[in-house]
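Both of the next two complexes hold chain A, though its partner changes from chain B to chain C.
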Partner chain A sequence: MVDVAFQSNRAAAAQTGRRRVGLRNALRRKSMSAFLMTLPLILLIAVLVIYPALYSLHLATLNKAMTKFVGLGNFEFLFKRETFWLVVKQSCIFAISAVVFKALIGFIVAHFVHNVPANKQRKWRGMLLVPWVIPPAMSTLAWLWLFDPSYSAFNYTLSFFGIGPIPWTGDAMWARFSVILVNVWYGAPFFMIMYLAALKSVPEQLYEAAAIDGANWWQRIWYVTLPMMRNIIAITTLFSLIVTFANFDIVRILTAGGPLDHTHIFATWAFRVGIEGSDIPLGASVSLFMVPILAIAAIFILRDITKRGNEA
Partner chain B sequence: MSTVTIDKSGPTRKVKYGSMSRDRTWALRWSYFFLVLFAIFSLTPPLYMLITSLKSSAEISAATNPWWVYHPTLSNYIELLTSNQFLRFFWNSAWVSIIVVTITMLISVPAAFALARMKFWGSATLATGVFLTYLIPDSLLFIPLFKMFAVFGDWTGVQLVNRWYVLLFIYPTLTVPFCTWIMIGYFASIPKELDEAAIIDGASWFQTLTRIFIPVALPGLIAATIFAFTVSWAQFLYPLVFTTSTDQLVLPVGIITTLIKGDVFNWGQIMTGALLGAAPPLIIYAFLMDYYIAGLTAGATKG
Partner chain C sequence: MSRKKLSRREFVAATALSSAALITAPYVRGAYAAGKLSMGFWDHWVPGANSASTELVNEWAAKEKVEVQLDYITSQGNKNLVTIAAEAQAKSGHDIFQMPTWWPQSNAELLEPVNDIMEPLLKLNGDVNGTVKYLGQADGKWLGVPASVGSQIKGPCSRIDLMKKHAGIDVQEMYPAGSPPKADHWTLDTFLKAAEACHKAGFPFGIGLGETSDNVDTAGAIFQSFGAQLVDAKGNLTVKTDAVRQSLDFYKKLLAFLPPDVSAWDDASNNKWLVAGKGAMIMNPPSAWAVAKRDAPQVAEQCWTHGFPAGPKGRFAPYLPFFWSIWSFSKNKEAAKSLLSHLSQPASIEKMVVASGGYDLPAYEKLTTLKVWEEIGPPKGTLYHYPNPYKHQTLSIAASPAPPKIAQQIYFQATLTKMCLRYYQGESMEKTLAWAEGECEGFMRS
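== the complex of A and B ==
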């Protein structure tokens, strides 16, 4: 009996030993297979994102024929050109005003949708998100046609109110307005949907408590809704800032930078200079100017996300 | 504002309740009023596409009421759908999008699984890196990528520029990071007990992924697929840079470069093409709205 017990004990010991080896194998297998599973992703990011990003730094230091190293020559050239400063100014105006209006309209519309009885919200949300779903290149064509100098449907409608024909894309200020309008039209639904999701996560009790304390509608928004939505507002705005700052489709199709470069932003001007003007180094230098603002926005987003990751 | 009147309206409960509900009715009416305004703003361009697409060129140039079709005709649709060129754009777009979706899923689902479950050296850094990659816009990379592929063609003799399949290499840079990111979120929300049970029952990692994770995270998978498809379908900058021959173009670029000839704008056909180009994402959206919205909000709220 003792013998049996001893044997079974030894068998158990051998088994744990084997299990430990098996475990080590499994661990080795695990990290190996994990590596293999992420390898395509790593390769993709390294070859088609990180490498080109660094390559554009290199390109920016070459001359037009890409035969000679010119250091910061391209940047010096850009700083001396008036068009460049125009582009910087326009990019900032475009991105900031478009994002502010998108955020405001999104916030307001989200509240209206939230007010409507729950069973009808789906329908409204569905309709209001349509601008975001249509490929921007396609919807901008419709806007271009709405703005058409001779057949503009907007001018046709406005003429009934005695408002004279507006040069939507012909005049510098109006063209800037049109470009921003189309961008707001396209981007506001995204804000709406994000804010709506955030509004739904605000506990109803907070509003009841505020109402009992005698808060008016403005105080309810300022002291309850906004603090509860702060995270979503920040992250959506930063996302949108990146996307809007780097926008290409809308400006390219609506005005192609015109009239007289008065609507060019970084992306469209980089395309004009680098691809159409076949001065690749100068185009690369232009698009590199997007990096600082993108980096700042990215840092803030990342901070927010890691913060929330730690809370969870 | 409203609550002040409630407070003054005194001690009787009925009156208070009545004014509150009256306030609510008015709030509701105003909400509907503004929602209608915003819906008109949102839907004007697509509706105008539809209106124009039903007009003949003669009716458009007659400059009658632009908001109304007096002689509806399908001639624009017939003309485009029988034109080999347009069908070519459509098929190019369809092929590119479908293959890119497949590539994206094949890369991002295993990677997301590994990053969410199999903690290994550098996995947290890699997850953050994936997210950062998603923030890098296409307009930053198109010039170096163009040059890269041109140089690659010179070195190896494999000409990729001006071939539609070059887009298969480039689009994943837009779709993979985001899809990986939201799949990490979905996978991380699956309880650990589930895959532990599978491992104890002798399942391999691969089996755990295909038998447990993919079925459980199917809604996330659908959302990621929709995202990848719509991004590939809508992408405009890369095909504009990389493809120039008319038989290599995808739909958005094709419509803009071939239907707009100099100063002659055939608006009936352009709007028809734009509407047909907008149709696939709109149809997907109409049928899978909840998944679409889930994917949209997941990027910022998950993780």
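== the complex of A and C ==
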């Protein structure tokens, strides 16, 4: 009896010991430590991102009074609205043209900065990043004053050359141009700094080899620089596309969607419908409409990056 | 060590005695015996105007032994609207919220009825105008107490000198301080002629046609002056009517005499227009005049706030009331009602109106002749007709009398100003009407 009791204690102790060793091993595993260290962030994202995302999905399935489940009824309603399709069109024009110009300007400026002597580069980098570090709501206010319908500083300057006045925010085409311009001004420095980092990582030997082969300036860019920067260009474009599609502050401050709704994008129209019009389910549906568009873009861009990664 | 044991009898006796003592003991009222109350009030843009509300709340709290928390929430960037939406979703937040125009109706199911305090207040202060009833009542239930703070009429604010010189209209004679208006000839036709004359003289009227409140309010009053409604009180579409056509034709004529950039105007544009001395008239509460008093005194002393021009179906002026509403999830509804009753006493209302420099308007008919509007200047009497003391015009809100939940959409989607702009820019009348009809059909979803 005593023996049995003793043996059972020993078994329990061995089990506890094994458990301790198991825990120690688990903690020693890099993946486990990494998981534990990122756990606070995961929880934070779950609370601040996943929960609101699921909640907005839930809201989008309710009727206007939020008393009845309507499934995809809100989307069905939106698809019949002329203004909704105007917003879809404008969001695409706004995001695509802004991202293209940001990428182009960022690429050109990154080359200029890359060719500046190393000791002067810091100054240029700092100055060129200024638009990106100012909160956009604040810088857009300054742009609003520059574009002010009655007291535009641009129009004042142009008047000396006999040009204008230009209805910067009063005419549909000019208003679209203005919001895209401000977005490009704000976002180009991000592209510039990313491309600059990518340029610095291109091995010098490749350019030397290209030079020996007799490649000219354009061929060096096309056959060396661009292929080496492809991944960073793809990632930056995807990131910027998501942020630009979801933009709110620039349009809201500069034109509030006008004139005649010709500058509304998803976020500003969702705010107009959901908050100002007290139709929160419809507002949620408008903002959720961005998700499939961005998901498709993300799938294509990320698939391309993975494919190249595998090839490498 | 001996230890005395408590017998069962002794324990029962002691418990009974202490319970009796607790029950019969006199109630000692603590500093915050009546609990807590939190308020989300609109952050006034007149400097110092909040202090009157704070004083009144603190005075009441000290008397009633309630711990109060008072937050002033700005309407800049629609922060108040976002807060209302968040509290309505969370069903948690302030006990009392000061809601602008349409928000009591859009949150009607979540608000505590205040009929029990409104009835005595109406007896005390007089009846309220139709717009307050339209926005503040649902199925006979008062959704909030009309707040004088923030409530405003957006009537014409004219330049005395420019109107006299270029349009031949003496606005002071038409709306004399201290006596009833003599404005029978102040019609939309006279207004249009004056707009043309001032435009020719280089001082066009500053009336916006953008998508923000000031622009929509003016269009709303002009549409109502023609009897034009996009949706009637029963919720029927009434876009394709002669009244709507007449309103659009009127606006087409008017737009030719307005600054060329009015389609991009927001709520600040007309204020800047007046303060910069660029125009002879704007449609605004006296905030523009108050800014001019500070920044351009020579402009301020030529300003006169007065009534709207009359149209074929009457004289309408845009009126935007605020309401103090109690959330149904409030944990101290009785204290909230007591505070709202205190804030709506005539003395409290006068204190708040004075603190706002005459900007705030009480909804009650007995309180439209306070001394502040008689005395304030320069020029003295400039705001005398601002509170509509002779009921000379019907106070209304754009898109009414459509059911409020539809009207709110018409208002915030700026359907009226968009129609005017589309038609002015060359779209055919029937196409504009068809577009507006489609929009209104969409606003009717439930």
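As a working rule, the second predicted complex is superposed on the first by the 253 of 312 C-alpha atoms of A that agree within 3 Å, B and C clash if a C-alpha of one lies under 4 Å from a C-alpha of the other, contacts with A are read in each partner's own complex, and residues count from 1 in each chain.
The definition used in the following text is that contacts are C-beta pairs under 8 Å (C-beta built on N, C-alpha and C of every residue); 3 or more make two chains touch, one makes a residue touch a chain.
In this text, all values refer to a predicted model and were calculated from it rather than measured experimentally.
In the model built by aligning both structures on chain A, chain B clashes with chain C.
In the superposition on chain A, contact of A:Gly258 is made with chain C only, not with chain B. In the superposition on chain A, A:Pro40 makes contact with chain B only, not with chain C. Judged by the touch definition given at the top, the superposed model places A:Phe266 against chain B, while chain C stays out of reach.
Once chain A of one complex is fitted onto chain A of the other, the partner contacts of A:Tyr151 extend to both chain B and chain C. Shared-chain residue A:Ile275: touches chain B and chain C both. Set against each other, chain B and chain C touch different numbers of residues in chain A, with B touching more. In the superposition on chain A, contact of A:Glu76 is made with neither chain B nor chain C. Legend: residue contacts after superposition of the two complexes on their common chain; A:Tyr51 is shown touching chain B, with no touch to chain C. Within the three-chain overlay, chain C meets chain B in a clash at only one of the listed stretches 1-9, 19-27, 55-63 or 73-81, and that stretch is 73-81. Comparing the two interfaces of chain A, the one with chain B and the one with chain C have residues 150-151, 271, 274-275, 280 in common.
Contact residues of chain C toward chain A in the complex are 78, 81-82, 85, 89, 102-103, 106-107, 109, 210-212, 259-266, 269, 272-273, 276, 278, 405, 408-409, 412-414, 418, 421-422, 435, 438-439, 442, 445-446.
Listing the residues of chain A that touch chain C in their complex gives 63-65, 77, 80-83, 149-151, 165, 167-171, 175, 255-261, 271-272, 274-280, 282. Only residues 29-31, 33-35, 37-38, 40-42, 44-45, 48-49, 51-53, 55-56, 59, 105, 108-109, 111-113, 115-116, 122, 124-139, 141-143, 145-146, 148, 150-151, 153, 156-157, 185, 189-190, 193-194, 197, 211, 214-217, 232, 235-236, 239, 242-243, 245-249, 252-253, 266-267, 270-271, 274-275, 280, 283-284, 287-288, 290-291, 294, 297-298, 301-302, 305-306, 308-309 of chain A touch chain B when the two sit together in their complex. Every residue of chain B that touches chain A in the complex is listed here, in rising order: 1-4, 7, 27-28, 31-32, 34-35, 38-39, 41-46, 48-49, 52, 60, 63, 65-67, 106-108, 110-111, 113-115, 118, 120-121, 123, 126, 128-133, 135-148, 169-170, 172-173, 176-177, 180, 205-206, 230, 233-234, 236-237, 240-241, 252-253, 255-256, 265, 267, 270-271, 274-275, 277-278, 281-282, 285-286, 289, 292-293, 296-297, 299-301, 303.
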